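Mind having a look at this structure? Questions to follow.
Labels run A, B, C, D, E and F following the written order; every chain starts at residue 1.
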């Protein structure tokens, strides 16, 4: 792999961090929506809720940005 | 160019906060797709959020001017 | 308009960003206080609540900082 | 000079969080002005918040010392 | 080396958010020590939070891939 | 006292700021848990609750990090 210059490193860092911030944001939001009392295991209803939560949040984002001009 | 960067950052933050508030208000338990009433709620929420943003910005600016006039 | 130096640009950026952070902060706080269910339009009661919310928050800030020494 | 900058930043954050908490606690539906009971609530909230800040800082520092002594 | 820094920062943020959520869920009025049921709740909460993190990450990645396939 | 170089200053700043962020975090969390209605003084029950809140939060952090490998 070619070595990254200083700028390349900083850009890579920004990109990866932005993705990870999204994951942290999803867990924050979806934990509150889907997990009431942590039990012995993650039951399938909670698991489905968490997956759907991510998908519906992305749907909402797309609905909101598609309503914009441009 | 600085101004453009600021405007873009500002719009992004506005959109992100709007998405969050409208998701929390309109989606109960997330299901297999956005149903009709959720979609309507989001469209309406988005419009009202922009109205609210304009009202809040106007109120803030007019307060700033009153405070400056009092100095 | 004279061209801004690097420092001038950075300072301008900081200033404008600080103002905009305030607006984002107001909408966060006042949306929660004033908007219960988004309807077909922003009725006048909600609009008054939002304006008052900004003014009362600034009053609170002034009350708190005027109670400080200095 | 670094220390002064830190102290200022710290005090600003403290004030900002205090304003937020006291606004949320003391103001119901915002009206045309801060009424008497809201003003009293804010003054009291501000004093209690500073007390709470001191209690929390003391508890944190004494825990730090106990942890260090156990090492 | 950048990757290591990112991974560390990411893990720290994950731990911090997990601690916050589990503290809020498991501790009612804080008492003189963590009692037995609070300790169990925290251990369980921590496991479920990691499960939830994995579920959320998987859902996000699979959505990204579906969106890319549709482009 | 020896003068700090630029790096030393920046590191010191980071360290002190990290400590203070913790204090801000504690007050945020523990105020919500312990203070219902601000009264004429901080009664001893609220004061105990605040101290315990800090201690139990640190216990929780230790419990969580001690469960980790390494």
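By definition in this document, a residue touches a chain if its C-beta (ideal position, glycine included) is under 8 Å from a C-beta of that chain, and two chains touch if they have at least 3 such contacts.
Computed from a prediction, not measured in an experiment: that's the story for all the values here.
When the C-beta pairs in contact are tallied for C-D and for A-E, the bigger tally goes to A-E.
Here the CA centre of chain D is 28 Å from the CA centre of chain E. Here the spacing of chain B and chain C, counted between their Cα centres, is 13 Å. Residues of chain D in contact with at least two other chains: 22. Multi-chain contact residues of chain A (touching two or more other chains) are listed as 30, 34, 53, 55.
Chains in contact form a single ring whose order, set by starting at chain E and proceeding to chain F, is E, F, D, C, B, A. Interface residues of chain C, counted against chain D in their complex, comprise 29-30, 33-34, 49, 52-53, 55-57, 59-61, 63-65, 67. Here chain B touches chain A in the complex through residues 15, 18-20, 22-24, 26-27, 29-34, 38-39, 42-43, 46, going by the rule given at the top. Contact residues of chain E toward chain A in the complex are 2-3, 5-6, 9-10, 13-14, 17, 21-22, 25, 41, 44-45, 47-49, 51-53, 55-60, 63. Within the complex formed with chain E, the chain A residues making contact are 4, 9, 12-13, 16-17, 20, 22-24, 26-28, 30-31, 34-35, 37-42, 46-47, 50-51, 53-55, 58.
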